[in-house]
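Order as written gives the chain letters A, B, C and D; numbering starts at 1 within each chain.
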Amino acid sequence: MSVRLTDRTLSVAGAMRALEGPGLGGVVVFAGRVRPDRGRAGRVFALDYETHRAPALRRLAAIERDARARFGAGRVVLWHRVGRLKVGEVSVVVGAACAHRAAAFDAARFLIDELKASVPIWKTERARPVRRPRRRPGRARARSTG
Amino acid sequence: MSVRLTDRTLSVAGAMRALEGPGLGGVVVFAGRVRPDRGRAGRVFALDYETHRAPALRRLAAIERDARARFGAGRVVLWHRVGRLKVGEVSVVVGAACAHRAAAFDAARFLIDELKASVPIWKTERARPVRRPRRRPGRARARSTG
Amino acid sequence: MTRRRSRVVILLFASAREALGRRTLDWPVSPDGVRADALVRALARTYPRLGLALRASRFVHNGEYLHDLSTPIRPGDEFAVHPPYGGG
Amino acid sequence: MTRRRSRVVILLFASAREALGRRTLDWPVSPDGVRADALVRALARTYPRLGLALRASRFVHNGEYLHDLSTPIRPGDEFAVHPPYGGG
């Protein structure tokens, strides 16, 4: 399925299969992984993703339609995982298959930007306090995936 | 290996594994497939890829270094297949893993653009003559992958 | 179901859920309903910890984004509080 | 190996290979070598079908791109004809 919200592992290989189609010479896939950032509460070891499912699926389907119309994408994947994800796990896979590479890059970029801006999905950081080393203080980094 | 010229099937899943690394939250992969275009000699059913191996590998390694330096890519994949590829098969997989998605997109775009422009790889179309239908003449299309 | 017919189901996500420590609220309304802006004000009055999240949020009424805060919210409706999104 | 020591190995790719129907040529040169531009002119004279590909190509001398066509090409060297690239 091209639009998916699931608590199961996302497969990039599966996304590639979903992006096969006659005449689609350029395929671009973006995958986002959970990063071990340092937030206010310490070192992040997991992110809890939640969603408001029905509006989220409708919004994902609308983004897919837009990508097909604006970039001529013949196949689109918009998959997001929900639930608890450990550092290193894949939280999101989006992809577009087009005749040519420029359109595929633009479409994939559009998919992830729109997903992040407009789909009701939230993450909450799960962190462990970090003891600051005395000699080599770490730089604080609080950004999250992608 | 991050740079590869091979006559064996390219695995996008393998590329994803090669692009894992601590703190790399954004991964972008581009895959190019052989398209059934219509060339001067008819409908393309395969492409024969050839390379001048030693200079090609040196150039690929230089592109990888550039991508790491310019976009902060922590992992890079630059894989190209050679030999005869049938329509639908993957001819090239490039990818970049960065902390954030914008850099990963820019890096992946850079990788494929540089590869196409500057790496000694060539393709020759293998085509079958097409009988033109009397009522619905097809539009000629002669572009190739990506 | 009888109980829900005289109430609005409030759905809380992310910072709104964390502020209250729960995902849903059953909010009593009169049979004629209540304007969305009045509902939001009443929520903020009753749960001051929710104030910050409510000010930053969009609202979703029966699955549709709410653009007009004078819309009546009626018994049995679903009213969701959407803090800024953070997918990806 | 003795034979290669008095010759340059010419590598042909893509349109250059197709024009001649072969991948390599052994090209005799004097022990002092020959300038790259003279070699290219001699190739075009001997194989007129190669002319178009030679005009569109870059040349690679012992694995390095050739920027100066006055460079001497000596016996035992490799001289590759690179038509425009088409990877991807």
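Remarks
Please note the rule applied: contacts are C-beta pairs under 8 Å (C-beta built on N, C-alpha and C of every residue); 3 or more make two chains touch, one makes a residue touch a chain.
No experiment lies behind these values; they were computed from the predicted model shown.
Our note on geometry: chain A versus chain D, Cα centroid distance of 50 Å, whole angstroms.
Here the CA centre of chain A is 28 Å from the CA centre of chain C.
Here the CA centre of chain A is 23 Å from the CA centre of chain B.
Counting partners per residue, chain A has 32, 101, 112, 144-146 as the residues that reach two or more other chains. Counting partner chains per residue, chain D shows two or more touched chains at residues 88.
Under the stated contact rule, the graph of chain-to-chain touches is a line, running from one end chain to the other without closing. Here the touching chains pair up as A-B, A-C, B-D. Those residues of chain A that touch chain B in the shared complex are 11-13, 16, 20, 22-36, 88, 99-101, 104-105, 108-109, 112, 143-146.
On chain B, the positions that touch chain D within their shared complex are 32, 49-52, 54-55, 58, 80, 91-92, 112, 115-124, 144-146.
Within the complex, the chain D residues that touch chain B are 11, 13-14, 17-18, 60, 63-65, 80, 82-83, 85-88.
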